[in-house]
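Below, each structure is written out as C-alpha cells.
You will see subunit A twice below: alongside subunit B first, and alongside subunit C after that.
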Partner chain A sequence: MKKFSNKEAIFIIVNLCSNISILIADQIIVDSCYSSSILNSIFISILALVITTIICILYKKFVGINLLDIAEFIGGKFLKFIIGIFFLIYVMFSMAVLLCKLTNCLQIVYYSMTDIIYILLSFILATGFICRLSNNAFSKSNLIVTSVSLIAIFLVFIANTNNYIYNNIFPILGNGINSTIIDGATNLFTFGGIVYLYFLPPKLNNPKDSFKVSISGILIFSIFLVISVTTITLMFNPKLVKGQLFPIYTSIKYIDFGTFFERLDSVFLLIRVMNLGSFLGVSMSLCMEILKNILSVTDDKPLIYPLLLLLLSICISLEKISKFDILENNLFKIIFFSIVISLGIFILILGNIKKIFVKNKVYR
Partner chain B sequence: MDLKLIFKYVPTGEYNFSIPVSKINSSEQNKNSQSKKNIYTSIEQNSKYMKSEYNQIINSDIVFRDFYITAKNVEYKSLLIYIDGMVDTDLINNYVLKPLMLKNTNNTFDSNIQEYNNKLSVKKIKNVNLSDYIYTNLIPQNAVTKEEYFEDAISGINSGNCVLFVDSLNISFDIDVKGFKQRGVEQPQNENIIKGPQEAFVENIRTNTSLLRRIVNNQNLIIENLSVGRINKTKCAVCYMQNITNSDLVAEAKFRLNNLDVDTIISSGQLEQLIQDDTQTGIPQLLSTERPDKCVNGLMQGRIVILLNGNPYALIAPAVITDFLSSPEDSNLNPVFANFLRFIRILALIITLLLPGIYIAVSSFHQEILPTELLFSIFASKESVPFPIIFELLIMEIAFELIREGGLRSPSAIGSTLGIIGALILGEAAVSANIVIPFLIIVVAITGLASFAIPDFSFGFHLRMYRFIFILLGFTSGFLGIGLGIYFYISLICSLKSFGVNYTSTLFSEYSPIGLKYFVPPFWKQEHRSTFLSPKKEDSQNKISMKWR
Partner chain C sequence: MKKVFYKILIVSIVSIIFIYGFSGSYSISNTDNISYVTALGIDLSDDKSSLQVTFEFMDTSSFFTSGDSSNTPPIINTIAATSISSAINLLNVYVEKNINLSHCKVFVFSQELAKKGISSELTELMNNPQVRPTSNLIISKCSAREYVQNSTSSLEKILTKYYDIFPKGSRSTGYTANITIGNFYNNLLTKSSGNLAILGNLNELYPSESNSSQNSSSSESSDSSGSMMSSSSGKNSSSSSSEEKNTDEDNKKAKKKQAEKGTISVKNLIAGDSNIVGDRGTENIGLAVFNNGKYVGELNAMDTLCHLLIQEDVISFLLTIDNPEIYEHYIDVTLKENISPHISIDISNENPIININIDLTGRIALIKNSTTVPEENNIDLDKISNAVNFSLKNEILEYLNKTKNTFNCDVDNFYRDAKRKFKTIDEYQKYDWINKYKNCDFNVNVNSLIHLGIIDS
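Then we have the complex of A and B:
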C-alpha cells in the first residue's frame, strides 16, 4: 500500500473539511447563529480539536491499524462489515450532497441550457480517471489544489476588507447562548474530515505521527473556517445569507482591483471545481479502501466502477428531491453525529476495553 | 509537526523504487553465452565461417587479408579482417601488419636460444604460449583483446576494429584501429546559453565519455559499457559517480538496459522510450541533453548518465518535473536572476498550457471576467468574422504549428524568413480577410512565445499537445472543463515516476513549502544533495564554504 507523507495527510483532512465548509456549512453556521457565527465557528473548532484528541488517545493502543480492523478485533468479520457499510454510507452521502450542491450552482450560474446530468458526469468521469492513476496521485494533487483553495479564501478575506460592516458581529452572542453553544454544537458536522482520522494511521509513512497530523489538519482547517465565516458575517446581513448560492462566491463579486479585474467570481468557481474534484478523488479512494477492507479483495481498482455508478445514482436521486435543503441541514448532521462521532468513538472505546481484557493475547 | 524540522536539514529518505521480478531465469540468461559459437583452431574453418557471415562474395568493403606470422621458427597462417573505411590504414600497416609480417629477430623466435647478439642472457622458455607471445610481443597496440567467440570478434569488426585469426589458435585478437571520419566537438545546436561552456556531445561515444571525464576529473566516475539491440548491438555507456550515486539506481538502470529485447536501437529517443516508466502520457521522464556540463551536474547530484554510440544526446535519469524547467544557464547566473528566469518559465508553462483554453472559456462562458471596454472591443471585431471562435482558434494554432514545423525543416537560411513571413503576413492577412479577430492573434502569439521559453524540447512538446485538450475542454464546458482538466493534469504529473523517483519529488518536499525547492539557492548555500536521489554522499560542500571570509 502506498503511504502518505504527513503533509499529504494533513491536507487531505483540510480538503475534506473545507469542501463541506464552503459548499454547505458556512451558510448554515451564519444562518443559524447570525452575529455569533464567528464565536460559533471558534467554539466548534475547539470541540473538533477535543474530539480529535479523544480519537487519537483511543487509537494509542492500536498503532498502524484502522477502525475496521478494530471492529474485526471486537466482533469479527460481521461487525467489520457492518461498520464498513455505515462509514461507506456517510462518505458516499457527503460526496453526493456536495456534488449536487456545486453542480446545481454551476447550472444556475453558467450552464442553464445544459442538463445537470452532463455536469454530474463530467465530475464523476474525472474522479474515475484520477482514481485509476497510480502512486497516490490524488493525495499529491490535493496538496496543490487545497493550498490554492486556502490561499484563495484568504485573499477573499483580505480583498473584501473595504466592504466589511463591522456592526454585523453585534450582538456578540447572536440569538443567545443556547443557539450559539448548544444548538450551535451541531455545526460540528463541518468537520466531516474527522472520518478520515479513523483510517489514517495505517496509511501514514510513520503511524506514530498520526496525532500530530490529525491535530495539525483540524487546526489548519479551524483557521480556514474562522476566516471564511468572518468574511461572510462581515460582508452580509446574516438574515439574508440563506437565500444565496454560496455566500463566499457572492462576496467575490464585490472585489475589484481597479477597473480591469471587476468580476473574479468565475475564477473562484474554477478553484472550487478543482477543489471539489480533489474532494471526490480523496473520498472515492476512501470508499475504495473501505470496500477493499470489508470484501477482502487484493486489487481495489475494479471497485471504482460500481462506486461511481452508485454515486451517480445517489446524485440523480437527490436531484429529484424538492426539499434538498432539509438534507443539508438535518440529514447530514444526523448521519455525521451518529456514524462519525458516536459509532466511531464507541467502537474505539469497545476496542480499548477489549484490549484491556485480552492484553495477554497478542493482536497484530 | 516539529517546527525545527522546517528549518533543519533532512537526511535522505529511502530510495523507493523496486526492481520488477525478473521473468528471465538463470538458464535463459545463460542461453546467450551458450549459443555463442567458439572460434575454431583451424584458420581455414575460421576464414570460411567469417566469409559466410560477412557474405564476402557480395560485400565490397569487408577486407580479408591473408598472411603468415613466423614464431618459434614456424610459419603460422593468419588472417586479418576489417571493414574498409572504418579503420586507420596507417595503423594497420605500421602497427599491425608490419610487426607481424617482418621476419626480424623478434619474431624468429626460438625458445632454445639463450643468448642474443648483444650477449645478454635470457631465461630459457620451455613451453611457449603462442597467443601470449603474439599478444605481448608482436602487436604494438594499446587496445588489444582476446576473443573466444565469433560473435565478439564480429562485434569488434563492426565497431571499426580489426580482428586477427592465427592458425592453431582458438582465439582471435581484437585490435583497436578505429579510424573513421567523425564530427568534431562543436557548440551546442539546441541548448544555447550565454554564460558557460560551449561544448556539445558528438556521435562518437568515446569522445563523449572523454568530454565527461575531462570535466569530472575524478577516478570515481565509472563508465560501464553495455550493448543494446540484437542486430546492431549499439554501444551504450552507463556513467555514474561511484561514491555518490545510489547503488540501487545504478542496478535499476543496468537492469533495464540489459533487458531490452529489440533488434535495433539507433537513437537516444528510442532508448528513452524503452527505459522510461510510463509510455502512455507523452510526458518526458528522462532528461535528454547535448551538453556535457549538464550531464556532469547530474552526475555530481547522484544521477546516472546514459550515452549511446552514434547519438549526440545523453539521457539523464532520474528526472523530475523541475529539471525540465531548468536551464544550464541557471547555475552560471546570480541566483536572483536565475530565480527570476525560473519564475518566468513557470509563467511560460501556464501560458503554453492554458492561455488558449482560458481564452475560449472566457469568451464563450465567462465574459464577465473581462473589463467591459475590452469585451466590447472583442465583440465588435467578432461581428465581421463569420466563424465560430473554436474554428478561429484552431486555424491559428494549427497555422502556428505549421510555421514552426516548416521553419525547422527548411534550410536554416530560409527558416527565419519563413517565421517572419508566417507570423507577420499570415496573421495580418487573416485579420484583414476577417477570418480571425486581432485579439486572437495576440493570444496565439503569446502562447507561441511562451512555448519557446520552455528549456526542454520534449517537455515543451507535451505542453503543446495538451494545450489542444484544454482548448476543447474550454470550448465545451468553460471553467468547469478547465478546472477538471487542470486537476487531472496535476494528478497525472503526480502519478508519474522516473526510475522509481516521484516526478514531483522536488515540489512536495516534506520540510519545505510546496514548490520552494524549484528555486535555486546561492551556490554557497547548496550544501546538500537532493534527498530524493538518496545519494551515498549527502553533503556537497562544507557548512562554511567560503573559508576566506
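Then we have the complex of A and C:
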C-alpha cells in the first residue's frame, strides 16, 4: 500500500471538512447564530483544535495503527466489527448528504430537465473510477483540487469586499451567549474531517508526524471556515441564507469585475464539482478500508461495487424526503457527535486504559 | 481480448445512458432554443388583480445577417398573467423558445404596482436561479411597458451595454443611485429599514414621446381583449415624410415646453419633470421609497444626493448655491467626500440621537452675480465654505426629517450603526428601532474645504 506524504494527508483532512462547510455547515452556522456567526466559527475552530489535540494525545501509545485495530485490541473482532459499521454509517451518510446537496444545486442551475438520478450516477461512476485507480491517485489530485478550492474561497472573500455590510457582525453576541457558545458548539460537526484522524496514522509515510499533520489540517481548515462564514455574514441577511443553493455560490453572483468577468459562479461551481469528486474519492477509499478491515479480506477492490450501490440507494432515499434540510441539520449533528466524537474518543480512552494493564503487547 | 470487449461495451452503455439522461437539459440550454430577456417590465393589469409582464429582447437575427445589432429595435412582448413565472410560461409557448433571464439587466415595476407592494414578485424573481442579483431595479412612474419601450439612447445603441452603463453614472451626479435587485431584496428582509429603488419615468419633453405613447396606447386598446401583445420598440423609426413633419413639429413643441419650464432647481428635479430635450425617451432621476415592501413616496434629486452622501456612494457632485441669503453670488462648487461620513448613534436618551459628520473638499466651478464675475482677490473662500456647509446641512436635515416624518422609515440604514450598541439581537429587538426612529433627533455637521477653480481668472 502506497502511503501519503504529510502534505497529501493535510489536504485530505481539509477537503473532508471544507466540503461539509461549504455545502451545508456555513448555512447552518449563519442561520443559527446570525450576527455572531464569525464568533461561533472561531469558537468551534478552537474546540476542534482541542479535540484534535486530545485525539492525538490518546493516539500517542498507538503509533501506526487505526481505531479499528484499537477496538480489536479492546474487545476483539466483534467490537472491531461494530465500531467499523458505525464509522461506515457516518462516512456513507456524509457522502450521501453532500452529494444530494450538490446534485440538487446542479439540477436547479443547469440540468432542470435531467432526472437527478443521472447527475447522481455521473458522480458515483466517477468515484468508482477514482477508487479503481492506484491507492493514492486521489490523494495527489486532491492536493491540487483542494488548493484551488481554498484559493477560490479566498478570492470570493476579497472580490466581495465592496458588497460587505460590516455592521452585520452586530449585535456581537447574536442570539445570545447560549446560542453562540453552548448551542453553537453543535456546529462542530463542520469538522467532519476529524473522522479521518482515527484512520490516518498507518497511512502516513512517517506515522510519528500524525500530530503535526492533524493539527495543520484542522488549523488550515479553521482559517478557511472563518473566511467563508465571514463572507456570508457580511453579505446577507440571515433569512436569505436559507435555501437550496449554498450561500457562497450565491455570493459569487454579486461579484462584479465590470463586464469582462461576468459568470464567475459557473467557474466556482466547476471547482465545487471537482472538489466534491475528490471528497467522494477520499471518503469511498476510507469506506473500503473500513470494510476491508472488518471483513478481513485481502483485496478491497471488489468492495467498491456494493458500496457504490449503497451510496446510490441512500442518495435516492434522501431525495425522496421533502424536509431534507431538517434532516441534514439535525441528523448530521447527532451522527457526528455520537460516532466521531463520543464513540471515537471513548474507544481511544478504553484503549489507553487497557494499554496500561497490558504493557508488553505489540500491535501491528 | 474479452476484457477489452467488455470494457468497450460498458463504456458504450454508460455513454448512451448519459447521452439520454442529459439530452433533455442540453436541448433546452442550447443557445438556438433560448431567448434572452434584456429587460423585464411588470405592471398591474387593467382589472388590478393580475400582472402585465413586458419582456424586452434583443433582435439577435441582425448579428447573423450584418454583424451589427446597433440599429435594430428591440422586440417587446407583453403578457397578462397571474405571476411572473406564469407569464414566462405563456411566452415560452408563444415564442416557442425558452425564455432566459440570466442576461436581464433591468427589472422595471410600475409605480401603481409598487404601491400595492412588490414583495411577492421580488421573492419570485429571487427564487429564479437565472436572475442576477446585480440587475437594477427601477420603479417607473409611467407604465413599465412604456418605460421599457422608450428606454434606448442613440449615444449607446447596444441595448445591453446601455443598461449596464446608465446606473453607474449616478456616482458622479448623485441624482440617482445604482440600486440592484439583490440589495433591495436583502434590505426587504430586514424589517428595521426602509428600502430604495431607482425612480424612472418618460421624458416629458421627448420629441416623439406623444407619438410613442399614442401608439402604445392604441395598440394596447386594440389588444385589450387578448392576453398578449407584441410590438417593436416605441422608437421604431419610420421614413415616411409625413412622420418627419410630425417629428419636426414635436421638436418645436418640446422646445417651447422647455422654454416654458425654464431652469428647474435640483430640489424640484425628479424623473419625468426635467427640462431635458434629447433623443432618450426615459430618464432616471431620484429614488422611490419603500416601507415594508410598499411604495410610500419618492426622493427628488437633492434628497437622493443627501442620501448618497450619507451612504458614501457618490464620487463627486455639483452643488449650486443660488440664494443671496446664504451667499451673495451664484456659485457652482464641485465637491467630493474627503473621508467616509462618521455616523454615531446615541441611544442613552428616550429618543435616539443620530450624529452625522460629513467632510468635503471641493473646487469652485463657477461664481458670478447677475452682472459681473467677481475678481479672484474678492473671493472669500471661508465664506464660500460656510455657505456650502450651511446649505448642505439644511438640505440633509430637511431630507432626514422627510424620511422620519413623511416616510416613517429608516432608508439610510442607521439601524446598522444602532445595532453596535446592543450585545444581543433580543436586546436590539426590545429597543424597537423602527418606532424609535420616528422620534429620533439628527445632528448634522458638514465641514468643507473649498479651493479656487483650476483657472485663476
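One rule holds for everything that comes next: the second predicted complex is superposed on the first by the 357 of 364 C-alpha atoms of A that agree within 3 Å, B and C clash if a C-alpha of one lies under 4 Å from a C-alpha of the other, contacts with A are read in each partner's own complex, and residues count from 1 in each chain.
In the analysis below, contacts are C-beta pairs under 8 Å (C-beta built on N, C-alpha and C of every residue); 3 or more make two chains touch, one makes a residue touch a chain.
None of the values given here were measured: they were computed from a predicted structure.
Of the two partner chains placed by superposition, only subunit B is touched by A:7; subunit C is not. In the superposition on chain A, A:226 contacts neither subunit B nor subunit C. Put simply, more of the residues of subunit A are touched by B, taking subunit B and subunit C as the two choices. In the superposed model, A:310 makes contact with neither subunit B nor subunit C.
Judged by the touch definition given at the top, the superposed model places A:111 against both subunit B and subunit C.
Touch criterion not met for A:159: it reaches neither subunit B nor subunit C.
Look at A:121: by the touch rule set out above, it reaches subunit C but stays clear of subunit B.
Looking at the shared chain after the overlay, A:42 reaches neither subunit B nor subunit C. By the document's definition of touching, neither partner reaches A:79: not subunit B, not subunit C. Residues 110-111, 122, 259 of subunit A lie at the contact with subunit B in one complex and at the contact with subunit C in the other. Subunit C makes touch with subunit A in their complex at residues 14, 17-18, 21-22, 24-25, 27-29, 129, 132-134, 161, 164, 182, 185-187, 189-190, 416-417, 419-420, 422-428.
Residues of subunit A touching subunit B in their complex: 5-8, 10, 106, 110-111, 119, 122-123, 126, 129-130, 133-138, 140-141, 143-145, 147, 212, 216, 259-267, 269-274, 277-278, 281. Contacts from subunit B toward subunit A in the complex involve residues 1, 362, 365-366, 368-369, 371-372, 477-484, 486-488, 490-497, 502, 504, 507-508, 510, 514. Every residue of subunit A that touches subunit C in the complex is listed here, in rising order: 34-35, 108-115, 117-118, 121-122, 125, 165, 167-168, 170-176, 236-237, 239-240, 245, 250, 253-254, 256, 259.
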